[in-house]
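Shared chain: subunit A. Partners: subunit B in the first complex, subunit C in the second.
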Partner chain A sequence: MIGRHPLHTARKRQQRETSPALEIGRNRLLFTGAMLAAAFAVVALRLVDVTVLKGGDEPAIARSAAPTELRTGRADIVDRNGVLLATSLKTASLYADPAIVLDPKEAAAKLSRVLPQLGEAAIAAKLKSDRRFVWLQRHLTPRQQYAVNRLGVPGLNFQTEERRVYPGGPLAAHVLGHTDIDNRGLAGVERQFDEELRAREKPLRLTVDLRVQHILHEQLERAMRAFHAIGAAGVVMDVTNGEIVGMVSLPDFDPNLPTAIDADSRFNRATLGVYEMGSTFKIFTTAMALDAGVVSMSGGYDATDPIRVARFVIRDYHAKRRWLSVPEIFMYSSNIGTAKMALDVGPAEQRAFLSRIGMLRGSPIEIAEVGQPLVPNRWREINAMTISFGHGLAISPMQLVAGVGAMVNGGVLYPPTLIRNESGSARAGKRVISARTSDQIRRLMRLVVEHGTGNKADAQGYLVGGKTGTAEKVMGRRYKAKALMSSFIAAFPMNAPRYVVFAMLDEPSGNKETFGYATGGWVAAPVVRETIARIAPLLGVRPVDEQAPEIRRHVAVDVVTEKSGKRRLASF
Partner chain B sequence: MIRRATVMVTVVWMLLAMAAGGAMFMLKYRVQALEERLAAVNHDIVRNMEAVHVLKAEWSFLNQPARLEELGRRYLKLDAPAAGRIVTISEIPFRTAPAAAPQKDAPAPRGMDTSPQAADQVTPRLATYRTAQ
Partner chain C sequence: MNAFARTDTSILGRWWWTVDRWSIAAIALLIAFGMMLTLAASPPVADRLGYEPFHFVRRQLGYLPLALAVLFGVSLMSPRGIRRLAIAGFLVALAALAATFVFGAEVKGARRWLNLGSVSIQPSEFIKPTFIVVTAWLFSMREGMAPEAGRNAAIALYALVVGLLLLQPDVGMAVVVSAVWFTQFFIAGLPLAWVGAFIALGLAGAVGAYFALPHVASRVDRFLDPSSGDTYQVMRSMEAFMNGGALGRGPGEGTVKAVLPDAHTDFIFAVAAEEFGLFACLIIAGLFAFVVLRGISRVMQDSSLFVMLAATGLLVQFGLQALINMASTLRLMPTKGMTLPFISYGGSSLVAVAFGVGMVLALTRRRVGQEGAV
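Here is the complex of A and B:
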């Protein structure tokens, strides 16, 4: 026991002395092991993550690498049938780094042979400048680029850029507008939808039909030449939804050459110009009076004597000097009768009505160029009378077209639009007159074309109805005699209207064929006739037999010619 | 014994590792080659798309209504249709009595034959088609 005891104590002592060191060693080993294990675990986890969870990188590359659509900096614009109206094409622009150009003089001489429009001296001046970057020519044609490359002049380089191209040239100029050299929209749809066009990939689809646009353009241009007018405008609108199928303003411009556009060509007479529309306004006055119930189709007014108010005299252009019924007032375009009709309704009512059909605010059409109407500050009786036949209130043709659309389509006003509704849902309209009034207006408009001032607009088979409008232009503070705004607004087919067609000539002069007349019925109505005759087949409107009884039922009017209402002219 | 077994196992593992490495190496090169091809094909697609894009613009340019109208007038003697010329199929009267029975063994004309004789042959066939309905 004694012998063992010291040994025991010694071992114990030894144990007590060595155990801390061992402990530390073990702990360190454990710690290192744990760290290594953790590191391996991380590697293993990452391995699982990379190989199993992510599915590898390659399929992602394969998927992302397949380009489905070509991205351009600006989306295309197409017409309602998908015909390309505007697109962006890649072009090369030539620039120079003057520091690298060895011999500016020689380089300029060589370049001016390939690009003669730049001028040798101008090129030399640019190549001698101290800057490190000068544009020489933006948007070269591929042939020019090849020629410049062949010169082999050091210091010349190409930058790939995009250029807006309008294959149709001036055909839809005022609808599309144009862009500047850096592809920023400056007018028309290009300006209104500038940001959207940059952002979107799919083409922007307009409501315009290029074929209709062409026909309208051609007819207006022909009339403008024939009557030596200084300008013209035309609009075709689908009355069932407010879609603008054609819109032309002349003179126009080529959007491919934005630097060559002058102010007169840039001016959009269809939306930006505001004009006193003249007798076409009688459509609104008559509809208002019929809808308010102040007069019926068999009622009428005495139009024997001109109306004298203050220093104004309201007289008739085609004076009949007798009592006229409502259809007669409309057919003979009597200012006196229409003014009395407006007075019966009252100035306040008239203002409210015109406001309801959008005559007192700029058109909601989606382009930048929208003119604000010129509305009188105080709406007195004299204003009510002159406005009733389209004087004293200046509006844009687009407002007129939208308003007349509502008068004939059953009484629902649709805001005019240029952008095709891709969702397929029907556009929301606002009822402004009753369906019955609209039916009466249709008959009256047909009457004007069949027997009144608008007979030159009668495109056989398409049941055209319309109203002439001739207004003297305001120059400064007075009316300028002999300077007319001659217009015609029509709808067809009148038994169930589909389209409104508007044509206007700015300062036409009569010629031999029109016996010197330059009024709407002589100069603008034929434009409408020719346009309708050609666009109707394209728009799917079938010609009908205008004398067939089932058609007559929809367009015939009983015209009363005497106040007693007893004697009737054969029903028109 | 044990040592030989260990050596065997080591050798096997080494061979396996070498095989894996080699396979990996080969695979990597094949993938690289495929990626290069993919990039080339994609580049080609983009180039062709650009070409198509340009051609679309040109197509639109060549299909301008004014140009088509002019070409139609010059080569086809086509003009704008008047309202009276537009009728539906059902409004076209059919010939009451065909002059001759349709010749079944007649050779099929190449292209569209618009001669009056051709019309004679077509009308009865159309008529029989209609009655068959």
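Here is the complex of A and C:
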């Protein structure tokens, strides 16, 4: 019926003839179809490539980024005997995706029963936030994790983390330092070796001996309590290589609870604090003068009258008001004699010597908390005199310990270290005085303990030698009369020194037992004695008969009491 | 499936026996996949935007009957009816497109949408299919009385439409319209020398767009060098494909939908990959290829140049949109905000696609004696 339409017949003719335009169109249509088919094939191949063959070039970036992000391992820290000081434990940390939490109020009520310290209102506020991730509690115990899991609250999740644990608590707090909640080292060895601890697999071995650390800690704490001191510090160093066997600063902190540390506890009095060390400095002045040859052991100076320079008066604490020989000056701790010794050497020489033994630069000890010494800008004669007996130059106890080590070990300065040398090769030292001068200093230090101000440091059998130091603390621009920094530095055994032991009390007050005295000889020397008596057996130092002739030969000293050299008081 | 007897000569009966039922089956599967994936991908997005979880699912389900009605209604038409509908629709859409410059709502820096009460429509979505049919009509005129006039009119209209699209600016749409228009011109017998000239012109246009339009330049730069800018969506998309593997993580187990802002629209293919895996993706891509290639093979035998040009244009547009979406998600090309037909969320797009495919179905119906052809 439609077929009669005139247009229809025309079209029928057209179809039979298959016009050239239609023919071209079909060919090109075929081409178009082929192109589309090829495009779909490419998409299909890419699909296989990305999903199964993982050929996505981009997530390779994500893969390379992942390890640094996920890496949580942090090497252990052990003491010189391999005792664990710091380790990392896997813990679970609780977080929430508030979008998944169905009922924040109910969830908060349930959670606060399991983790009451968080507080129900605080939890509810977190769970209502718009964010997709909120921490609720880091580092749960396994028991807490189990309890939270048992609640069955959707949207709560755990992330495995690591937590730094210090089994010794505060024992080595200032050596180890601590880390933050993300295990980044914030103080001490943890901070100084942060990168290395992340990278290494083997434990980091320190030079400290936890037993020595414990004894030193206990003795200092006891003295601090007995003398109501506001702080204390102590160091034990191996003089043969500079290894720090013990280092304590009080008050200290528990590195397991890093958020509870206050500024005073964080402060490291052994390395960061710089103090005028007082008479302990006379060791350096005497060694310098003897080594320079300006005076001999039988020589001496007139200490009858105080020295007046400008507005200063230098006087002696235990004044003898006569000529004193070098051993007497050292034994009686004469400021006048020591100042004259320094003047004989000269300010420039003194400065060079103190620089050589590391007194003018911060200690090279491997922790971040290192204080820079306070050095006078102009080094005049008056500076030379006050510095000779430990005033006008403030250094850290660590600098003093290293310097005294060099004075007694034969004259070689070793930079103090906290890291055990695993290679076994001997550490390099630097000769700063002659072996002969060192031998003389050993005798003088032994003399102080045997007959001088340091007799309370005499641990029987260990040939302790030492020197007291009592300095008035500088408060602002003037000295504070009643605030003392009382210290004692010792070495033992004096015939062949192995260890330097230093103890210091910050603002001690004398008590009945010390007849009200709070000087180094009264409050710090006993700490050294007790410490040595307890650590020497652990460190393998045998007690000796102190009166045996072969021992006397090494520690005895002739003390001249008259300038002519005729009157010899005794051969100590 | 024997609802209609062979002898049934009612409108529905004739439709059933002449329409390409295989294509209808493929399209029905695509729509089913689309609903399933909207169900999977859109709740997290709705959640992020502060809607109730099934907000987008409900809306999409609301549009579905309309889309199916359009699809079916249009497929009932004769080629001549299609031509008339397209011309009328083209004029309306052109007017609406022009109106966006005056009344349009600005979304993400482009004025593409017209708000009509509670619904907003994107006129450029409706320009595409109608313009294709109009172009086919103009190119096929050469068979009749004034071939030159038809071709010239086609070129002029093309310039007008692409000009408006570039002004929006909607570069992606302009590129698709250009590609389809060129394909139609090509099939209509464009001399080969001209083909070369047009390809050169297209390349020049692409380079020009790179230098003239900063957001085009930025997208291309980020594709060539992922570190040069924000490639967050594509990177997450790639992770989704890798996570999915061959069999997928399982329905509802995907994670990418929780972080991708466009998980329910431009990146729905990535959601499909993560939850249902390679094989589901291959099936989806295969369905698109099937619809396009089967349509082309059917019009190949057709004797009407208009039907051939119109159906091919619509199929190329349909296929190109699917290809561009999948290729963007797979990082085969710079990201181009283009929805996956029938699968992505979007009412305007769903109805427009249904309209276009409805016309394809109408044009590919078997016509005894070519009745109704132009």
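Simple rule for what comes next: the second predicted complex is superposed on the first by the 500 of 572 C-alpha atoms of A that agree within 3 Å, B and C clash if a C-alpha of one lies under 4 Å from a C-alpha of the other, contacts with A are read in each partner's own complex, and residues count from 1 in each chain.
Simple rule for what comes next: a contact is a pair of C-beta atoms (placed from the backbone, for glycine too) under 8 Å apart; a residue touches a chain by one contact, two chains touch by 3 or more.
Everything numeric here is computed off the predicted structure, so don't read it as measured data.
Of the two partner chains placed by the overlay, only subunit C lies in contact with A:A39; subunit B stays clear of it.
When both complexes are overlaid on chain A, the residue A:G82 reaches neither subunit B nor subunit C. Of the two partner chains placed around the shared chain by superposition, neither subunit B nor subunit C is touched by A:G152. When both complexes are overlaid on chain A, the residue A:A99 reaches subunit C alone and has no touch with subunit B.
In the superposition on chain A, A:G25 makes contact with subunit C only, while subunit B stays out of contact range.
In the superposition on chain A, A:A533 makes contact with subunit B only, while subunit C stays out of contact range.
When the two complexes are overlaid on their common chain A, residue A:V165 makes contact with subunit B while staying clear of subunit C. Comparing the two complexes, residues 58, 61-62 of subunit A contact subunit B in one case and subunit C in the other. In the complex of the two chains, the subunit A residues touching subunit C come out as 2-3, 8, 11-12, 14-15, 18-19, 21-22, 24-26, 28-30, 32-33, 36-37, 39-40, 42-44, 46-48, 50-52, 54, 56, 58-59, 61-62, 99.
On the side of subunit B, the complex with subunit A involves touching residues 31, 35, 38-39, 42, 45-46, 49-50, 52-54, 56-61, 63-66, 69, 80-84, 86, 88. Here subunit C touches subunit A in the complex through residues 47, 142-143, 183, 186-189, 226-227, 231, 234-235, 238-239, 241-242, 244-246, 273, 277-278, 281-282, 285-286, 288-289, 292-293, 296-297, 299-300, 303, 305, 308-309, 312, 316, 319, 323, 326-327, 330-332, 369-371, 373, going by the rule given at the top.
Those residues of subunit A whose C-beta lies close enough to touch subunit B in the complex are 58, 61-62, 65-67, 70, 72, 83-85, 87, 89-90, 165, 167-169, 171, 210-211, 213-215, 218, 459-462, 533-534, 536-537, 542-543.
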